[in-house]
Amino acid sequence: MAQTKKAAAKTKAPKAPKPHALDIPVPPRAKLDPDTQAYFAKCDEKLGYVPNVLASYSFDAKKLRGFSEMYNELMLAPSGLSKLEREMIAVAVSSINHCYYCLTAHGAAVRALSGDPKLGEQMVMNYRVADLTPKMRAALDFAAKLTESPDKMVEADRAALRKAGWSDRDIWDIAATASFFNMSNRMAAAIEMMPNDEYHNAAR
Amino acid sequence: MAQTKKAAAKTKAPKAPKPHALDIPVPPRAKLDPDTQAYFAKCDEKLGYVPNVLASYSFDAKKLRGFSEMYNELMLAPSGLSKLEREMIAVAVSSINHCYYCLTAHGAAVRALSGDPKLGEQMVMNYRVADLTPKMRAALDFAAKLTESPDKMVEADRAALRKAGWSDRDIWDIAATASFFNMSNRMAAAIEMMPNDEYHNAAR
Amino acid sequence: MAQTKKAAAKTKAPKAPKPHALDIPVPPRAKLDPDTQAYFAKCDEKLGYVPNVLASYSFDAKKLRGFSEMYNELMLAPSGLSKLEREMIAVAVSSINHCYYCLTAHGAAVRALSGDPKLGEQMVMNYRVADLTPKMRAALDFAAKLTESPDKMVEADRAALRKAGWSDRDIWDIAATASFFNMSNRMAAAIEMMPNDEYHNAAR
Amino acid sequence: MAQTKKAAAKTKAPKAPKPHALDIPVPPRAKLDPDTQAYFAKCDEKLGYVPNVLASYSFDAKKLRGFSEMYNELMLAPSGLSKLEREMIAVAVSSINHCYYCLTAHGAAVRALSGDPKLGEQMVMNYRVADLTPKMRAALDFAAKLTESPDKMVEADRAALRKAGWSDRDIWDIAATASFFNMSNRMAAAIEMMPNDEYHNAAR
Amino acid sequence: MAQTKKAAAKTKAPKAPKPHALDIPVPPRAKLDPDTQAYFAKCDEKLGYVPNVLASYSFDAKKLRGFSEMYNELMLAPSGLSKLEREMIAVAVSSINHCYYCLTAHGAAVRALSGDPKLGEQMVMNYRVADLTPKMRAALDFAAKLTESPDKMVEADRAALRKAGWSDRDIWDIAATASFFNMSNRMAAAIEMMPNDEYHNAAR
Amino acid sequence: MAQTKKAAAKTKAPKAPKPHALDIPVPPRAKLDPDTQAYFAKCDEKLGYVPNVLASYSFDAKKLRGFSEMYNELMLAPSGLSKLEREMIAVAVSSINHCYYCLTAHGAAVRALSGDPKLGEQMVMNYRVADLTPKMRAALDFAAKLTESPDKMVEADRAALRKAGWSDRDIWDIAATASFFNMSNRMAAAIEMMPNDEYHNAAR
């Protein structure tokens, strides 16, 4: 009988766990606007799931679009920083802020993009132990200071990036990435956003 | 003769001061895409100037659109929080981060929306001295903790907001506003973004 | 009848709002000792009002005299620092401590002495954005470190001031000013001292 | 011959060690104004020496008078707090700020006034380990918060003192004492003021 | 030929990478005293490798014994806390201190002992997101406060543990575990101790 | 009769005060294992008392041995650092952590080993005021940073020690001493361990 029960369970659509602690239900797929449905279908296809951050924002199509356009432009658009470098900044910032969601999701991205699981762990735990180029190290030091004491940023901080080989246009992207994750880390903390389980084993 | 000089000055195109410390020039208006031109024309009409944050992002139309859509949705869309309440959160967060750009621009917004210049100053200096409802005070206390120690947010922090009278949907907006300005404050600090002079005297 | 009431109200001496949160009433002018009465009359004449910090101390003539002698010597006596430079230190320190009273009162003083309202705002918000001489910047950096981590002051901090062009006698005055406002900021915070409304619009 | 040398040494005026790190010489006694001479003579008589803080300020009679009047009023005038209680606050604050001068001088005062050397050490090291009345403990907790985060003082902090048995007039004195030592600690740190050797063994 | 090379390589003793940044070589096994040789052989047998922390200490048999006796007593001896609970404290403390070595090694231990890889990640990233009993949560909150502000521990902190169901003997073990990892985290940070690669994939 | 009572009292074995705040009684000497009895007898002989830290651990012979072996190896074994230098590090670390037990016990050790009571006080209060060799100052600066921000230790910190004249083997001992007291300080804080009264007057 237990077996029958189990078999039955398999026929039911799995109920997604709540992606955060607020009482703002994730709308069923069928109720989403066509754009969002298409976006989520693409997620399913590419990743096998819809990241909980997107599910969380999906109660309001405009908020979802605002967030994802900014995010996609930041992390995926052409830049003097590779996608991996941007993900490394994302994780180093999230480590300082101890953001479970972002460390899980973007730690997986660093593992995947680098093919180096240890590098992902190092960004999660303490970027200072990683064996990096001085140029990349300078970017992470800038991101860390910007995270911890934004009030103390001065011209010397930008000069250090230039000296390490980054252009002014690159500095914009380093700054924008570090700043964005200081937002995302806080949003996730404020509502206790939980990452999809799939991230944990990805790219180990 | 002084008058002549003044008249002459008016015929010259005023050269906008650099809005930030990076060597990423603001494109001339004529070179902007039509959407951005229309957006900036609307700023000129409504405010008399284009806020430097928008000018700063205008080197890349997609980045500008991502930023402004997220911003407009956050600060202007219907919400359980009034526009003034959202601006108060923006300024209280910016005060903790000592962000010159946001304190100047959004301090002016608090003065304008409240008709109470003193309230604007209090948000800039220390929100704890303002004579607020316990409900609004709870929102600012939540925003302050989220700014200073995002790693320590717990269910009790959300419970305190609910007890003060905020709905879960309101908590999303409080969290989103505080989080967004933790991004903007850092972006402004990283590139030393300077506010338009017009803000200083506005709504005094 | 409402008009009559209003007219009547005008004949009454306006009751000053409480200058702080403690139940220590400000004595009526007539009950003050002659020295204090003369001092306050001079304030009325020069400023148009008695600063609330003085009203707060007036319950005890000796405490008032101790405070004002030290204050006047510090801020008004001949010094290698101009009055404006001393006020700038006062405001930069008060910004770190988020002191509403001192930011309001001394922010107004920076505006008045400099004739540059923006400079006043910059000291209130974050002195690092202001366009200052390296010499003045060094003084503010010293004052900021002294405020945030007095335990870590070392000879190198004094050496930096000397290198920037300050004499040892000037260092005394920089130190004394920064130290004094670390006292005043805390006294104001402890008793929630409220600044006179007049400061807000002064020298805009 | 050694004896002769020693006798000779006694005839020479002992040269006082420099009381701080700035090049602002302590004027010889004979050059001081009569009031200061009288004040220092009284110190010699009562303590056997002139405290280095007074020697440091003696280069300017007005600064010395401003400082000492404020200090004497604060620590010696009638108050709802005993002199010992005020000294305990002074030392607890100086412990947080790690001020060598004040911990040495006022640690000795706690030992002397209490007749309990261990209490003096506890105030120097960590007031939380001392066996105090809840009333005194509340005063020190208030002083500690005022020292560490003046920006976060709120009505609840004053309410806690009232509940512990302090009057509003007492709160003034607790606040004034804690605030004053936040000034003195920083002045001493800024100029590396050194305490007289006599304090170390006093009242052990 | 490549295969021959590879085969040849297998016949060579693999050279262990340096376990830390100091120039204190790890002695070859044959030079270790018999006790250490036996201890390391047991590590090889049980774990498949000698943890780098033990290799690091092996330059001095007494230091190695002192460290490992204290460690083994702490983490393996009978206790009111399970081994998993002790490892969770170890990782939560190491997360605050951002210790790469301990997060890697003890994160793996939490995964192994709990059979719940996600729990291991949560301890590494932010213990506050984990779904724990109030009793275990209280232990981690105590450990976190002890790590961040040991100077502020008071009787109320111990009372909270007792109220959550811990005995005084348990409090000793909670305190001892949290304290020990505040030592180990710093030793690892000071010499940049690197964890064995084997930890990364263990118990995923 | 009072005298009789007093005389009677003298015949009773004095009951040792509780060495800490937990309900874990110190076993009577006769119940301790022979090794511990011998160790404590040696303490009595050498010091005149058993340090409370040892009494505290004596409820479990293995824990006591683990702690004392590690401690003795650290503080008494041959090293490139003198015993005084190790004690100075112990006290400087304990000062940052405001640990009453360690400041009392090891402050006395600095006084005894140096014959310079003032040096002991300076380590307790703020090591930066002491007149030290650049080499010793570098060691204390390293220990302070390791105590306050272990996550930020980098190669440059070790390089500074080497430049100041310390060998890599010395760096191990500096790191180990600073790390150990970060453990001991927290253990003492967690259980409110109280130092023996004898320390207060020792070596003044």
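Observations on the model:
By letter and in written order, the chains are A, B, C, D, E and F; residue numbering begins at 1 in each of them.
Here is the rule we use: a residue touches a chain if its C-beta (ideal position, glycine included) is under 8 Å from a C-beta of that chain, and two chains touch if they have at least 3 such contacts.
Because the structure is predicted, anything quoted here is derived from the model rather than measured.
Path length between chain C and chain F in the touching-chain graph (shortest route): 1. Considering every other chain in turn, the ones in contact with both chain B and chain D prove to be C, E. The contact pattern of A-E recurs in B-C, the pair among B-D, B-C or C-F where over half of the contact pairs coincide by residue number.
As for how the two copies chain D and chain F face one another, over half of their interface residue numbers coincide.
Between chain A and chain B, the centres computed from C-alpha atoms are 24 Å apart. If each chain is reduced to the centroid of its CA atoms, chain A and chain D end up 53 Å from each other.
With each centre defined as the average position of its C-alpha atoms, the distance from chain A to chain C rounds to 46 Å. Among the residues of chain F, those in touch with two or more other chains are 98-99, 126, 151, 153, 192.
The full set of touching chain pairs reads A-B, A-C, A-E, A-F, B-C, B-D, B-E, C-D, C-F, D-E, D-F, E-F. Partner chain A is touched in their complex by these residues of chain F: 151-154. Against chain F, in their complex, chain D makes its touches with residues 95, 98-100, 103-104, 117-118, 121-122, 124-126, 129, 192, 194, 197, 200-201, 204. Chain E makes touch with chain B in their complex at residues 126, 128.
Those residues of chain F that touch chain E in the shared complex are 21-24, 62-63, 65-67, 69-70, 73-74, 77, 97-99, 142, 146-147, 150-151, 153, 155, 157-158, 168-169, 171-172, 174-176, 178-180, 182-187, 189-192.
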